[in-house]
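Scrolling down, you'll hit the structures one after another.
Two complexes are shown next, each including chain A; its partner changes from chain B in the first to chain C in the second.
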Partner chain A sequence: MITLILIFFPLLSALALFPVKGKNIKILALAFSIIEFILCLVAAFQFENNAMPQFMVDVPWIVSLGINFKAGIDGISMLLLLLTTFLVPLIILSSFQNEYKNPKLFYALILFMQSGLMGVFTALDGFLFYIFWEMALIPIYFICLLWGGQERIRITFKFFIYTLLGSLLMLVALTYLYLQTPGKHTFDLLAFYSLHLDRTTQGWIFWALFIAFAVKMPVFPFHTWQPDTYTDAPPQGTMLLSGIMLKMGIYGLVRLLMPIAPLGLQDWGYIAIILSIIGIVYASCIAFVQKDVKRLIAYSSIAHVGLISAGVLTFTLQGLQGGMLQMFSHGVNVVGLFFIIDIIQKRTNTRTITDLGGIRLSAPLLASFFMVIMLGSIGLPLTNGFIGEFLLFTGIFQYNPIFAAISGLTIILGAVYMLKAYQNTMLGEKNRITAIFPDLVLSEKLVLIPIVIMIFWFGIYPKPFLQMTEPTIKNLITIIGK
Partner chain B sequence: MNALIILSVIGFIALLSEIFNFRKFLSAVVLTGIAIAFIANACEWNTAISYYHRMMVFDNYAVAFTGVILLVAFLWFILSPGFFKEETSRSDHFTLILFSLAGAVVMISYANMTMLFLGIEILSIPMYVLAGSKKSDLRSNEAAVKYFLLGAFATCFLLFGIALIYGATGSFDLAEIRGIGYRVTGTPSISLYPISSIPLFYGGVIMMMVGLAFKISAVPFHFWTPDVYDGSPDVITAFMATIVKTAAFAAFFRLFFTSFTAIIPNWSIILWVMAILTIITGNLTAVFQHGLKRMLAYSSIAHAGYMLLALIAMNNLSQSSLLLYTASYSIATIAAFAVMIIVINKKGNDDFDSFRGLAKNNPFVALVMCIAMFSLAGIPPTAGFFAKYFIFSAAMQSHHIGLVIIAVAGSLVGVYYYFRVVIAMFQGEEEALEKIMLEPSYKFLLFITSLIIIILGLFPSLLINLLH
Partner chain C sequence: MLLLVLGSNYLVMFVGWEGVGLCSYLLIGFWFKNKEFNNAARKAFVMNRIGDLGFLLGIILIFITFGSINYADVFSHAKSFSSNNPTLVLITCLLFVGAMGKSAQIPLYTWLPDAMAGPTPVSALIHAATMVTAGIYMIARSNVLYTLAPVTLSFIAIIGGATALLGAAIAMTQNDIKKVLAYSTVSQLGYMFLALGLGSYTTALFHLTTHAFFKALLFLSAGSVIHAMGGEQDIRKMGELNKLKATSLCFLMGTLSIAGMPFFAGFISKDELFSVAYEHSQVFFGLLILIFAMTGFYMFRLYFLVFNGSFRGTEHQKSHLHESPKTMIIPMAILAILSVVGGFINFPEVFGGNHGLSNFLANVIKPAFYTGEAGLSHLTELFLMLISTLIFIIALVAAYVIYVKKSVIPVSDEKEMSLIYRLSSNKFYVDEIYQTIIIVPLNWCSNMFYHFIENSFIDNIVNATGRAMVFGSNKIRLAQTGSIGFYIFAMVIGIIMMLLFNLI
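Moving on to the complex of A and B:
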């Protein structure tokens, strides 16, 4: 029951926004998203740390095709639900200083998208997964199309075609699997897990699904839509894309790809890992020369997600656990970073690094928040990035020490470009553009404080979260080990 | 049968209205009549009664497709009050449309090839007239002549095919033709036909296929479509793209599914080639169009290609997936035409540029157009997605994987041109046009079509289970 509420409450609240008149839309949307977060916390407290999916819903939906509305929450789902419900209120709150035209539609689309995301992270039926996957795509497409920057038409279209191509590949793969299920065909993921296809077929399935998810994350060489889209989307759109949506890709790896095509993973996993690692180095190098801060963070996001995907694909306990943790941390950090960039842009009308400088002198509070989040993003010990990256490296090291060494570059390169960005924007002398720079206002503090709390909580005491995902991941490893 | 009788009766009432002078109420009479026909038709569910010595049979297949046709016709009449207002010959138009609908019902429910021929003619002849009903417009006249000449040509093929089949089997009856192939073993086989008649049979099947391929505008028999669709009055184009297409597909499918199962491999390979050509040609030419109407014309060719997949698959999913496809395609097309007519009334043409700023001007219309375009493009959660999905999985079940891959690639191209409209609507804020005001009937139409699209998108089982 609680699963259904979690999926459909945002959808209903999106609809509830339309009849509302006046200026209360923002507050109402925020209230709805906070209620959703509280609901998710309730679920999290009732959640028992074992491997089985809980709060199951299983109703027939399209009987003739064996499609059920089957959803449940296991450890991995729970973590991502918490991430989604935690970030959406912050993303909505982060828009309080922006005046968007047609705010009703804007907030309704955010909530609509949340509904799709909640569905993706709980679905236990392949077809349902696909439907929610697309449901999450459509709102973000419109958010980018309607509130994006100058080049939005071309860029969002590229983004849409890319992701749709990926989804169609996934759909073809899922349908193929469906036709392989014995007896009366079904889309149930458990049935997919126990198919035991032969090696060649699994190779095909592996690539179809991997490309679908790689586009979403994005992993090199499927990343070309990402920097443009992140740069041109409205700040909230960028936060949704980077904070939550890319996690769909990684989640897909764990939920679908690995258990369905373990032999494919054995045969081809190393190529996928190499691609991820190329992405890390490549994106870090490009980030280094970016002039636009938002673009810099966009590339850094490719690097981070490459590391997560490499770690997860090694299929070791540490790699998977690190991946889970890092998904959460990356979501929190990247939303914080994009928000700080939005604040800077609103006050100075520029994002070019060389134009900025000396902001710390007039806005020390902003500079401190930026510092903490940036350190979290670099992965300094005691911040959230450290634990995840450490586990990921352990996982990759077990798989292949050379890979670990190369992907270890991400720490150095990350520190280089992030510190450079920080230095050039926050430190130094004030110039004409940054001469007047008001410090944070209340609503901005309210966004950044929870993020900083999370950064330290994860950095110092990640145990509850690790415990949450551990049984599920161990179970996953035994399923595939068979 | 009820539907056929009621449709013919209101057709006659429409004719009489000229004499007894109640033209004003004709619209209401027709709409009520179609609603009654819909209900009366639904009452025949699960009866499968055959009429006139097995000339027609109203099995569930016929009832379901007739239901779709009547629903779409009802929506179509709400769409086109303008068509019946401007012209002097209002009652003639009503009559022609109603008789054409009666022809469509015959095409769906025939059990004998003579009825197939009659149905096609009853449907087509009014359409030839209506295509040219903008009398002063040169292009409308051109459309009528083209449609008539090519349509008549196609009917010749069909008739020739019927004659050859009759020569081979000695029967017009669908079940009997099928029965000959099954007589001994119970499994279909061509070898059971008399040897001398086998070439005749093959020839007949191919001739009929050509004739019907004209009607559904499958490549390479599609050349009339863009010009006729473009030249005809907008609402007539909507009628052709939805009701005529549905009826033609229902007829095509019934004929081949019932009678020609003995030689499936022989004709399905031809259809296979035809489907691929249709999908590729339709999609690629639609990309280069600048007006919505012409784009819809070419994309309707592409949709015919997807629907051919149901015929090629020939398994137990085919019927129901074709039903869902025709329904969702027709309803989305009606919605798209409604929006197009609104835009044409405002801006004077249907270029994509005319759609700029529509989202600002009237968000409701833009939303409906989005839903319609999403459905035609096949994006969940709309009816079009499930329609495509079912039809593709039917083909996949029959191991036509290559065909499905081409169809999926074609749909991806489709996304491109359908989204051009969507994107155009959300562009261009500079134009401060006066607001588009909608008549209540149009509001109702737009609302109901988008509602049906969404409901079928969430619960496709409503239609799929009917014929399963």
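Moving on to the complex of A and C:
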């Protein structure tokens, strides 16, 4: 039951925004998202750390096609639901200093998207998964299209077509699997898991699904929609995309690709890992010649996601655990970073690195928050980035030590570009543009404080979160080991 | 730092390790308005991170090999490995890469002199007492592993020796008081690694301790000098500062100790290293004689230039000269005393000492090749001490003759320098070499990735796919002519084709 509530509460609250008049929209949207977060916490407290999906919902939906509304929450889902419900209120709150035209639609779309995301992370039926997958895409398309920057029409069009193409590959794969199910066909994921297709077919399925997810994450070389879209989208759009939506791709790897095509993973996984690792180094290098801070963070995100994807694809306990943890950490950090960039842009009307500098002199608080989030992002011990990175490296090392050494370059290159960005924006002398720079206001502090708390919590005591996903991951490994 | 030392497993050590790295980054960049200081801070952080990658991979390999990262488990498991087991060699090498970064060894040493940008007490802290010695500590802590990997030990000895030599060679011609001390630190760290590499971990820790005393003292005294000079750091503009009695006395104590005045702390710890080297290899022994001489020389050069001769600064600075307040003098005095007597914690047997430190550490640290100084007769030991005293005197006299008798002031014009002098004063162009072989190509690569591969290649393929679609659609659109005759014709062809396929 709680699963249904978690999925549909945001949808209903999105609808509930329309009759409301006046300026209360923001506050109302925030209130709804906080309620959703509390509901998710309730679920988390009732959640038992075992491998089985809990809070199951299983009702026939389109009976003639064997499609059920089947959803449930296991450890991995729980972690991502927490991430989503934790970030959405912050993202809504982060817009309090922005004035958007047509705010009703804006906030309704955010909540609508949340509904889709919650659905993706709980669906246990292939068809349902696909529906929610697309349901999350449509609102973000409109958010980028209606509130984006100068070139939004061209860029969002490309983004939409690109990701839709990926989704179609997934649809083809799902349909094929559906037709392979014995007896009365079904989209039930458990039925898909027990198909045991032959090697060649699994190879095809692997690639169809991998490309679908790789576009979403994005993994090199399917990433070219990402920097443009991140740069041009409104800040909240960027946060939704990078903080939550890209996790759909990684989640898909674990939920669909690995259990359905284990032999495909065995045969082709190394290519996917190599692509991910190339992406790490490639994106890091590109990041430090960027002049636009937002673009720089966009590329850094490609590098970080590459590491997660490589670690997860090694299919080791540490790699998977690290991947799960790092998904959460990356979501928190990247939202923080994009928010800080938004703050800078609102106050100075620029994001060009060389135009900024000396902000720490007038806004020490902002500089301190930026410092903490930056350190989290480059994975300093005792911040959230470290534990995940360490586990990921351990996973990759077991797979291949050389791969680990190369992907390890990210801790050097990451330090190079992040420190450069920090130094050029925050340190140094003030200039004409940064001469007047008011420090944080209340609503901005309220966004950054939870983020910083999370950074330290994950860095110092990640155990509850690791325990949450561990049984599920171990179960996954044993299922596939058979 | 305490976390680093007190932790009982490698991960906790790493946490402390990165923690001190971060602190030094923040401290070096303390005056954050200055771009150069910020760059130095960033350089320090990034170079440390290069080492950290090695360290991290080492920890991961330890975890995978031994299934644990607790010292106790790892060391007890390690005993079952044979000597020079490839995995162990790899582990120890990876850990050593970490130590190279943190303890400023070749090739990752260039951040340390630049780190002088920070406030002087910071220099004292990171250069003498804490951060840079973390690498030494880590290797001494893992001595069980290193003993089983003699290949790595020889490698460490070579790197340590080379760094000691290079550091000393550069220090001889620097004109910035803090830079001299910084390169001297690099050189002294080289000693310690040499000691580690020769398998005498205790000697390294002993020298680490005495070095912490006298180097902290030297930095604080230097800070006091700079304070008195109103921020001036160029020793060519100093001189006659023995007016500042307390400071000059403290500085002298530090200098004597580091240069190896008999029975001062530095003498005793260096002597221990000397006998270790004597026992193991003539090459290192010869190298050490040379480096000891250079150390003595550059330290006295520094001392004489700063405190003797006539004052060479501006009138304003002269009137500004003053002794530092008590809060600065007292810590210096304490360190000065320690620099003199600190050696007694591991006083050699030959003078009735009992090797307190070695015994204290004996449970944790087993020397790689031999035990104590039992291998050398007391006579040899005395002989070695004599040699090192001689070196000390020669260095002292040489420096005295050049900088006091002849009152030579280092020139600043490059043309007047000899080739070697020029090389040394430009730090053998190492920074420039790094610039050319690493940073420039990296930037070039990044730009190429961005402009050619990213924008012109990958993105073009993506866009070309889109354009091909549009192009194709435009062509196919032409088929929609609107002529009924054509449609019927196409339909008939289609039906015939279908029938044909069915027949086949």
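We take it that the second predicted complex is superposed on the first by the 482 of 482 C-alpha atoms of A that agree within 3 Å, B and C clash if a C-alpha of one lies under 4 Å from a C-alpha of the other, contacts with A are read in each partner's own complex, and residues count from 1 in each chain.
By definition in this document, contacts are C-beta pairs under 8 Å (C-beta built on N, C-alpha and C of every residue); 3 or more make two chains touch, one makes a residue touch a chain.
The structure presented is a predicted model; accordingly, all values stated were derived computationally and were not measured.
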Which partner does A:Leu164 reach: the first (chain B), the second (chain C), both, or neither? first
Q) So, does A:Leu65 touch the first partner chain B, the second partner chain C, both, or neither? A) first
| said: Just to be sure I read the superposition right, which of the two partners does A:Ala404 touch: chain B = first, chain C = second, or both, or neither? | reply: second
Practice prompt. Report for A:Glu48: first if it touches chain B alone, second if chain C alone, otherwise both or neither.
Written response: neither
Which partner chains sit in contact with A:Glu99 here, chain B, chain C, both or neither? Use first/second/both/neither.
neither
Residue overlap on chain A between the chain B interface and the chain C interface 161
Chain A residues touching chain C in their complex are 158, 161-162, 221, 224-225, 282, 285-286, 288-290, 358, 360-361, 375, 380-382, 386, 390, 393-394, 397-398, 401, 404-405, 408-409, 411-412, 415-416, 419-420, 423, 426-429
Residue positions on chain B within touch of chain A in the complex are 320, 363, 374, 379-381, 389-390, 392-393, 396-397, 404-405, 408, 411-412, 415-416, 419, 423, 426-427, 459-461, 464-465, 468
The chain C residues in contact with chain A across the complex are 11, 14-15, 18-19, 22, 29, 32-35, 38-39, 42, 45-46, 49-50, 52-53, 56-57, 60-61, 63-64, 442-443, 445-447, 449-450, 453-454, 458-459, 462-463, 466
Within the complex, chain B is touched by chain A residues 61-65, 105, 130-131, 134-135, 138, 145-146, 153, 157, 160-161, 164-165, 168, 171-172, 175-176, 178-179
